[in-house]
Amino acid sequence: MSLQSLVDEVAAAVAPLRGQGRVADYIPALARVDPRQVGIAIADLDGATAVAGDADLAFSIQSVSKVFTLALALEAVGEDLWQRVGREPSGSAFNSIVQLEGDKGIPRNPLINAGALVVSDVLVAKHGRDAALATILSLLRTTSGDDGIAVDAEVAASEAETGFRNASLVNFMRAFGNVRSPVEEVLDLYFHHCAIAVTCRQLARAGLFLAAGGLDPIGGQRIVSAQRARRLAALMLTCGHYDASGDVAFRIGLPAKSGVGGGILAIVPGKAAVAVWSPGLSPEGNSLVGTKALELLVQRTGWSIFG
Amino acid sequence: MSLQSLVDEVAAAVAPLRGQGRVADYIPALARVDPRQVGIAIADLDGATAVAGDADLAFSIQSVSKVFTLALALEAVGEDLWQRVGREPSGSAFNSIVQLEGDKGIPRNPLINAGALVVSDVLVAKHGRDAALATILSLLRTTSGDDGIAVDAEVAASEAETGFRNASLVNFMRAFGNVRSPVEEVLDLYFHHCAIAVTCRQLARAGLFLAAGGLDPIGGQRIVSAQRARRLAALMLTCGHYDASGDVAFRIGLPAKSGVGGGILAIVPGKAAVAVWSPGLSPEGNSLVGTKALELLVQRTGWSIFG
Amino acid sequence: MSLQSLVDEVAAAVAPLRGQGRVADYIPALARVDPRQVGIAIADLDGATAVAGDADLAFSIQSVSKVFTLALALEAVGEDLWQRVGREPSGSAFNSIVQLEGDKGIPRNPLINAGALVVSDVLVAKHGRDAALATILSLLRTTSGDDGIAVDAEVAASEAETGFRNASLVNFMRAFGNVRSPVEEVLDLYFHHCAIAVTCRQLARAGLFLAAGGLDPIGGQRIVSAQRARRLAALMLTCGHYDASGDVAFRIGLPAKSGVGGGILAIVPGKAAVAVWSPGLSPEGNSLVGTKALELLVQRTGWSIFG
Amino acid sequence: MSLQSLVDEVAAAVAPLRGQGRVADYIPALARVDPRQVGIAIADLDGATAVAGDADLAFSIQSVSKVFTLALALEAVGEDLWQRVGREPSGSAFNSIVQLEGDKGIPRNPLINAGALVVSDVLVAKHGRDAALATILSLLRTTSGDDGIAVDAEVAASEAETGFRNASLVNFMRAFGNVRSPVEEVLDLYFHHCAIAVTCRQLARAGLFLAAGGLDPIGGQRIVSAQRARRLAALMLTCGHYDASGDVAFRIGLPAKSGVGGGILAIVPGKAAVAVWSPGLSPEGNSLVGTKALELLVQRTGWSIFG
């Protein structure tokens, strides 16, 4: 089956489900999104891209950005990062603070909010707040081959106004010395990188290096080492969907990272990167229709990493 | 590199580490084991097997047996099992009871003690206690091609004498109606299947069907469906090493299940099954030298499922 | 106002509330109780007793017995008991197991189930199971001046059949070495002392020594030292109503212990002991009408220990 | 024994213990305090005051101020306060955030940090930040009869610089809507009222209304109703020493509130108020020598509320 037939088929199969789930409503800018939108894009290692549905509409990247900031933080401080963040699934919700108390301010992994805030702190310390954001945008623009990727300023402002839970996490870790830059700068960077707007087409393309041993197969640049690409994928599999990560591994069998904007980036090692988007969320905060689309895709292609 | 050279190399590389870690001492039979023993066996899909070190010495299978009992429980009651056990990493120790209270007696996954006890309850309900144990032994004998596999009666008796923590878990779940057979029978089956003695050679061979789409590539029998084999592997990856599962996925990148006897079974989908054994454990209860051996093996072979 | 007028007034005031709350239904013998029954008894230090309502009907003492077993355990092993049980409110439900894990098998206080099971273990170790039960009955008979107090065998048998949660607690603490006698004997003693049948008249009289500096003011025997009487009262105040203890201290201001049979024993230091009974329970497991009766009693008498 | 002989005796008895415990070191201003200082003051309902040791040296009131802010918040919004704060001992450390997550932003009681921050929010909403602080100071000045009581500006500034844990708590509750004023104002008021400097003499005198049915027995003003005075005392008993409250009730038997400055205010209903101060703290954050002094005082006077 051609890549295009594949995305068309999957898009058609999930069309009846459009509108399922609950759109994130914690900030107005997200709550206004039309819940019936669905986009799919696949970029393969040969440079081919196929898209279907609303794959060229921009949505808020939200937590999918954590894969990219994590890659940058590892480039910045290397494996020392793991002194400050764990690598284990948390078994808890994305914004839970409970484990931080027992673990003395060390988040379980870099893909839950607390861990991504430590990553943000690392990038502020390395680059300063402004240059850190520029570096994140640069990575996404380079890997996607699209210089138009930018922060949605309205979303960023809304995040800042309502981000009390994240402010709580940062202050808590600051009390344990595991956030070192000024609390406001760390939050500001975090709110901005979560507010980047991307399309499925851009996101699939941007994630391709993770399927290609760390080398962008189109532009030809090395983004991270092969080992680091594997390890980022491992973290996506075990921790990429919060307390539904095990279920996604079970049903889909691909490393993937979700965001409350409704986007998901999935990696097919050695083959392709896939981006799906649909705003309606499961109770755990993952795109319902997006997850279903990935499940159907894997059924048709046998792309599970588990055989 | 030949399979034999590979295991020889890995065995040589970990030899200096022999004796590291702490042998499980909660029952006398396990505490007496020589901590310096190390065994490795690889069985590939073509029927070849290579072993090194103490690969033909029997050790206590302990929690590695949970992969096999889970396969049998799924054959017995199908996907209904997931009404009674979750599929998420727990973020907690193997014998933790904390989450069971908030989750009203539903264990997070079938590879921690609580979940494996529900699996044991399912098998007792299906077969009766005696036939259930016979069925488990039969599966291990069939898949390993070795009729000599049996329960170590001394270990089983010791488990029963000291298994208060597991008795606590079973009674707790019984209070919530998530254990239905008599508490004593469920524990008895559990203690016996954990006390099965296996060698690395037997274990690698027994796990081969999980790398081969559910079909035993040597005997030719279908053990489970291809989808179920993938899903068992996914659970091994996300939950197979308790609260070190994320770290094992990160460092090794293979679905694997450990036991406090020091054994680990790892699956290389489409290629091979690997069994390692060394009694010294990490604080999380996983074989230290065994984990290191798998890490070296993956470095030499590039067998990670993450690319 | 005379003592008799007082209990009559309170009984009349709570009469319209009869039947409120939910009768404990975890064992059939308790579930069958008529929820509209209400009894009140006050015994004062001069030897006067006044009763109203169903104060001469027997009910299941349940956790109110924990005050008496605690007194006996302290006589048996002295302040060493506090090596094995804490003295802090738990902030959790009566049968919660969560804190036991973090606290390595040491219950927060002797008036929650886990703590009372350690007390039971102490008494089994000291006296043997049968003599321990005889000692508990003897204390209740002596202090109440009524030799008719006995175990309700049907309730005891039902407790044993359904007591999986308590069995879980005992096994958990056994795993940590904080239960030392055989699990079955500890549970058996616990189920029997909780199944003792008492009337309000008997219970008020039996608790009088706690209001009288440890000396039974009628029989004249010293039951415990004055300091121990104060300390038992302190524990009743801080821990006697599980995770509603703070609210009872706030609203009523008397040391008191409740049981899921619907009974409550309250102590007025230097003045009197009060027993109330009504089967309907609050969500926390305390008698709703009984608590209300105590609140009205304190409003009429100003008997709060807080001024 | 005269009041003066009593405080002299107690001061002499604890003198050998001076310097025990660990001075709070989270802010420089507290860490610099001489750990060997000990002060005691008793104010009785007849207007007599007796002091010993360093009873006229000022120390940081810290959490003892929570009793006074709670009294003011109850005057401001009445029993509606209990919609936003519980009345139960927490079973956790003074600054724990764990329960807040399960309890959706409702603190267990108003004497732990989270609860006192809600109280602070109530006062900011009622009076505005500046007038709220003036009201707190006014209450302390009126009840102590000493207009010199003031905020230690250096301590307040240090609290603000290092108060990340409290900032985490406020932001967390703000996310649940249980803090409503601007986060900065709530924290600012909290840091300032904790930084009030008092002497033992002032504090004992200021707490006297709680021992006297809510009426200041010297000035003659009604501060709170008799019922509210009793209830404040009940909260001090069950929650006044964080996760050592049960132990203090057990050993001392008086309603009391501690602060990390080393001060403790204890109430003897109908008789007196006692203030002790010594900077060295127990692991739970309560003055070690101060607690011992109260224990000796109660042994000599029989002032326990438990008989």
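In this document, chain identifiers A, B, C and D correspond to the written order of the chains, with residue numbering beginning at 1 in each.
In this section, a contact is a pair of C-beta atoms (placed from the backbone, for glycine too) under 8 Å apart; a residue touches a chain by one contact, two chains touch by 3 or more.
Keep in mind that what you see is a predicted model, and the values were worked out from it rather than measured.
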{"item": "Shared chain contacts [chain C and chain D, defined touch]", "value": "none"}
{"item": "Farthest chain relative to chain A (centres taken as mean CA coordinates)", "value": "C"}
{"item": "Euclidean distance of C-alpha centroids - chain A vs chain D, Å", "value": "47"}
{"item": "Inter-centroid spacing, chain B versus chain A (mean Cα positions, whole Å)", "value": "32"}
{"item": "Between chain A and chain C, centroid-to-centroid distance (C-alpha), Å", "value": "55"}
{"item": "Chain B residues counted as touching two or more neighbouring chains", "value": "none"}
{"item": "Every chain pair in contact, whichever chains are involved", "value": "A-B, A-D, B-C, C-D"}
{"item": "Residue ranges of chain B in contact with chain C within the complex", "value": "96-98, 100-102, 164-165, 167-172, 174-175, 183"}
{"item": "Chain A - residues contacting chain B, complex", "value": "86-92, 99, 108-109, 210-213, 226, 229-231, 233-235, 237-239, 243-247, 249-250, 253, 255, 267, 269-270, 304-307"}
